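Next, two complexes with subunit A in common: one pairs it with subunit B, the other with subunit C.
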Partner chain A sequence: MNDTLILIVSGVIAGSCPVLFAALGETLSEKAGVINLSLDGCLLLSALSAFAASYQTSSLMIGFLAAMMTGALVSLFLGIMTLYFRVSQVALGFVLSLFCRDLAYFFGNAYNRLQGVEVGPLPIPFLSDLPVIGPSVFSHNIVVYLSFLLPCALWIYSDKTKAGLSMKSVGENPYAAYARGYNPRLIRLCHVIAGGILTGIGGAAFSLFLKAGWGRPQGCEGTGWIALALVIFGSWNMFRVALGCYIFSFLQIMGLLFQQWFSDVPAQVFQVAPFPLMIFSLVLVYFTNRFSETSVGRNQRKYRLFFLTARFLSKPAPSHLGKTFEP
Partner chain B sequence: MSIKTIGRHLGLPVFHVLMILVLSLFIVSFIVLAAGVSPFTAFSLLYQGSLGSVSHLGHVMKSFFPMTLCAMGLVYTYRISLWNIGIEGQVIVGALSAMVLFRLFPEPQVPSLFFSLGIVSAFLGGMGWAMITGFLKSTCGVNEIFAGLGMNFVSQGLALWLIFGPWKRPGIASMSGTDPIADVYCLIESGPLSISGFELILVFILFIFTWILIRKSIVGLKLHASGSNPFASRLLGLQPTLSIHLALAVCGGFAGLAGLFQVSGVYHRLIPSISSNYGYLAILVVLLSGFDIRIVPIISFFFSCLLVGSIQLPMMLQIDSSLSGVVQGIVVMVYLVYMGIARHLNSRIRKPVYE
Partner chain C sequence: MIRLENIHKDYGSVKANDGVNLSVRPGSIHALLGENGAGKTTLMKILSGFIAKTSGRIFVCGNEVDISSPVKALKAGIGMMYQEPMDFPQMTVLDNLMAGRPSGFFISRKKALHDLDRFSSDLGFSFNPASNPASLTLGERQQLEMIRLLSLGVKVLILDEPTTGITDLQKDVLFFSLRRLAKLGHSIILVSHKMDDVTSLCDEATVMRQGKVSGHFSRPFSSQDLLQCMFPSGGDVDIADDYQPGDPFYFLDQVTASSSRVVLKPISLNFRQGEIVGLAGLEGSGQELLLRVAAGVSHIHTGAIRIGDTPLTARSMKAYQSSGVFFVPGSRMEEGLISGLTLSDHVALCRSGHTLFTRKRAVESQTSRFIENFFIKASPHSLVDSLSGGNQQKFLLSLLPDTPRILFLENPTRGLDHDATAAIWNILKTRVRHSGSAVVFSSSELDEILQVAHRVLVFSNGELMMDRLCHDLDPHDIGQAVSGIKQTKY
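Let's turn to the complex of A and B:
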């Protein structure tokens, strides 16, 4: 029993790591008001560049740096074109997503099924000796530990610092921020790039330990779209997005177990789960908003429990999300 | 159609069209060089693999028909400024619903009647799937991009479940798909190109139909009006919600027919990747066409040539066949960026590109 539990928990934690980085990066960029649809292709391309760089130099550090550079460059391109040249965010993001994927396959051909370096586990001294929790939580590698800290760090950044406030202000109302003396386009650009860097780390996590190596298919196709869905499911809140990632990873692991019970259902079917959940949470957002607008007084008291639950489950998107800003 | 007319249709002078093509060619050559292959060899192989022989041209046409159908459907949705990313799923569901009928009646008494029913079923299937997105958009306020994306993955899951579950081959369930459909449901290929006359005629009729409807009729104008300004069009007595449903229904129906082509014309069974990414590619086609129905077939043909021409690249040059996707992505990106910069320099135009 204990062994199964350890296996599940450690699988969930390791499996959620890349999607967590990607989804939190996307949250950062969407909170600043830019939809970065290139996530899926960006993950693959940075996975490739991480593997290629670490294979050539046999240095993990350079692999991670290369992946971060790739993510930053892709999102820099998207950011400059959409913010300064008013190209549609959706159009360019979508094209970039398909293009980066194909580019990764194209350049990845030379690295097919090669044995590269891998991130080794780094058990935390004392803590990893604890029963159950030790082997399942504290015996991963350093990137996974970083993924524990990331939601907290980003929450502190977005809710407790002045820079985080400026990020939210350009996402909600860039005109007010502009009048206040901020430069909305520059702030947006910085956060899009930061999001790209985090996505790059996510991609590197795929090719350097979770699904180590490169192949076609690599195994992380579709993760970017799932991360996009999880951002909405987590209603742009760092902790909820992180929770969504863990739930998703849990579903994936359980999919493998379910497959033993329902042998005729392929594991891929269980990966679909985040998408109906995403649509459901969007529907919920819409109806709570409409409910709070249309009903006053008695009605609102009458359905108070429903209202509070729905409000608790979902929060509205940044109000200037995906729109262009003209100073 | 000469390059001059293409330029006029793009709303760009010839010079700009040439610039876009030359820039794309330059970037692609650079990427191919970076992979250690001579660009000339790669391009000549792409040409030979697609237009080099009659049989290759037949393959090109086989991917041209479904892609053009999807792209024509997308013209309707872009006309009212809707992003129907869900088209990929609509192709899959169209294929699924055709398969349902083909499997229910494996030995039809009147083949032509049941095949027609299959066409209707595919159309309705794709349409219904698109209408879910439309319903979510109009009634539940869900952005059509996210709704469509979600529905794509749901339909993919549905197809996988059918292939590995209820429709699996006796004994084995594998990624190679279900049992083949009955011969009467497969499209008859004829002529030197060995393409199906049915596909050719259907695509041609729908092309003329779409052209007239979008550009010459009051319906097209209404779609355009409700897309440009939903509020004003409501004041005018138009119904923007109805337009959303109408455009999505037609688009989904076209995508469903593309799914039928894939089942009856190409694979003769249901496979996991039945849509062959034609939905996503059609989005690129329509973006590059500047939403102009008249040049959609040209671009779609160009994309099909790239797709088919790249199949033999791995064998001949040891480079990946995804070069076609790289070229397509580069051309569309150069076009978008070029337009963005051109509009930026011409600062009188304050309208964002495609929004």
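Let's turn to the complex of A and C:
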């Protein structure tokens, strides 16, 4: 029993690492008002650059740097095109995602099934000797430990710092932000890039330890879309987005276990289970917004329980998300 | 304290501000009055740095200042509260106050909280710092914006239509706080079109008309003079000669509705056959909403609508149309016509009935007939985008069936020149005369309503202020009703 528990907990923690980086990066970008739909392709491309760079130089550090650079460049392109040239965020992001994926497969041909360097575990002294918790929580590598700290760090950033406040204000109402002396486009661009860098780390986490190596498929395909859904699921709150990532990772691990335990149920059932849940949460977001708009106070008492649940699960998106700011 | 000299603002050939001079004394509440489009808001946006002036000079305390951005205006001590609050709906009240304040890397909310408490108790407001503006009323959001501007050291406070959309109680609180600020030496500029607000609150008033200052008054005001200055035309009313109203056939019973801009108070009305009814009022006073509600385009909250004995309440647009109720939207290209389609495509869409294929030749000959009958300058194959506004409007009217029972027209002559306007009204009047249909229209031009309508309904703040026949009408009464003073019914 203990072994299973350790397996589950450590699997959830390790498995959630890349999606956590990607989803929190996307949260940053969306809080500033830009939807970066290129997430999925960007993850794959940065996974490749991490692997390729570290394979060529045998340096993990350079691998991670290359991935971060890739993420930054992709999002820089998206940011400049959407913010300064007013290209549609959705259209460009989508196309960019497909483009990055193909680019990754094309350049990745040379690295198929090669043995590269891998990030090794770094058990934390003393803590890793604790029963159950030690092997499941404190025996991961440094990137995973960083993913623990990331939600806290980003929460402090968005709630306690001046830059965080400016990020929220340009996502809420760039015109008002402009009136208060901010430069909405520059602030948005910075946060899109920061989001891209975090996504890059997520991609590197795939190719440098979680699904080490390069192949076609690499194994991280689709994660970006999940991360996008998780941002909505977590209603743009760092901790809830992180919680969503852990739940998603848990569902994936359970899928694997259930597959062993209930071998007569088709494996696909457990593999796709997380997706309908995501759809359900999106529908809920829509209905809460709609109800609170149309029948203020009138029907709320009647469906109190519904509203309380819905309110817990959903908070409205940044008011100016996805819209173009035209000064 | 503030002096504006010879301010010009051109938008292409349109002169929004044409040589405006204005000076505001310290410690006074100064009203800026005028109709929609008189250039009040443009002038104030120039003063607060939101739009750039074409030419002119601005002085603060005798020194010329450069106000090219809102931040520079704030530095000069000028702050503006917009009609739509410039805030962040989903950030807390406190964070709204914090955004844009100078601070270090980490923000400290203590100082902002202190400011919030101090100014709130000073001015008689109360706030929960953790709530967010999305859950506040418009009045409260104004108060928040006011606190923010004052906490940044603003000495000249500009308010754009602050009493639109707030409750009477909030209005009292607002006026109390404004008087208090004036006593403390702040200058207040109140942009308004409401006579009440001006006479009860302000020390001085400047009236603008068509981009120019048309009058300057100081306390005590005479509403009569102010109105005369705002609506100088008044005068000639063409009495519609052919008014022979039939029986009431279209009924609105205790109808309420709301849009994002205005809440319609319960209204009961009827329209008669062969009648042309004009809806007047300042923009956003409820006349546009009533028109849309009556035409079945917007939904009503409570009440009932019926035509003859047929109830129409909450029925589909199609049900309205099959009972002979038609609506022509004001935004011709956005809601009325479909950009990128030709005239005959439109006719095919509207008139071909339930067939799988459109009959090209029949459609084209019908389109040609419309073009001829309505004097439209176009061919069946021209794109609707290429038509002038007047021709677009004529084409829209031609698409309506020949004998509608009632037509609702939203600003039918907006942006049209004199000839096009006359042509449109000729078409409509002929319809009324021949088929006995009723025409209900809204217009921002009071003169137009007085010229063509038999009956005029005036709205203010979501309420019906006046319902009278045009031939026994005193234009001053309309002015009063527009500015929110209720007139007895006929």
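Here, the second predicted complex is superposed on the first by the 298 of 327 C-alpha atoms of A that agree within 3 Å, B and C clash if a C-alpha of one lies under 4 Å from a C-alpha of the other, contacts with A are read in each partner's own complex, and residues count from 1 in each chain.
One rule holds for everything that comes next: a contact is a pair of C-beta atoms (placed from the backbone, for glycine too) under 8 Å apart; a residue touches a chain by one contact, two chains touch by 3 or more.
Predicted model only: the values in this text are computed from it and were never measured.
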Request  = State whether A:157 touches subunit B only (first), subunit C only (second), both chains, or neither.
outcome  = neither
Inquiry  = Under the stated touch criterion, which partner chain does A:81 make contact with: subunit B (first), subunit C (second), both, or neither?
reply    = first
Ask   = Can A:168 be said to touch subunit B (first), subunit C (second), both, or neither?
value = second
Larger contact residue set on subunit A - subunit B or subunit C = B
Task = May I ask you to decide whether A:177 touches subunit B, subunit C, both, or neither, giving the answer as first, second, both or neither?
result = second
Ask   = Looking at the overlay, does A:258 come into contact with subunit B only (first), subunit C only (second), both, or neither?
value = neither
Message = Just to be sure I read the superposition right, which of the two partners does A:145 touch: subunit B = first, subunit C = second, or both, or neither?
response = neither
Task = For A:108, select first, second, both or neither according to whether it touches subunit B, subunit C, the two together, or no partner.
result = first
Query = Just subunit B (first), just subunit C (second), both, or neither: which does A:318 touch?
reply = second
Footprint overlap on subunit A, comparing subunit B with subunit C = none
Residues of subunit C that touch subunit A when the two form their complex = 50, 69-71, 74, 86-91, 95, 98-100, 103-107, 134
Key: Sites on subunit A touched by subunit B in the complex   = 37, 81, 84-88, 90-92, 94-96, 98-99, 101-103, 105-110, 216, 222, 225, 228-229, 232, 264-266, 268-269, 271-272, 275-276, 278-279, 282-283, 285-287, 290, 324, 326
Message = Please output the residues of subunit B touching subunit A within their complex, sorted ascending.
response = 31, 34-35, 83, 85, 136, 140-143, 145-147, 149-151, 153-154, 156-157, 160-161, 163-165, 168, 173, 280, 283-284, 287, 314, 318-320, 322-326, 328-330, 332-333, 336-337, 339-341, 343-344, 350, 352-355
Key: List of subunit A residues in touch with subunit C within their complex   = 160-163, 165-166, 168-169, 172-173, 175-182, 315-316, 318-319
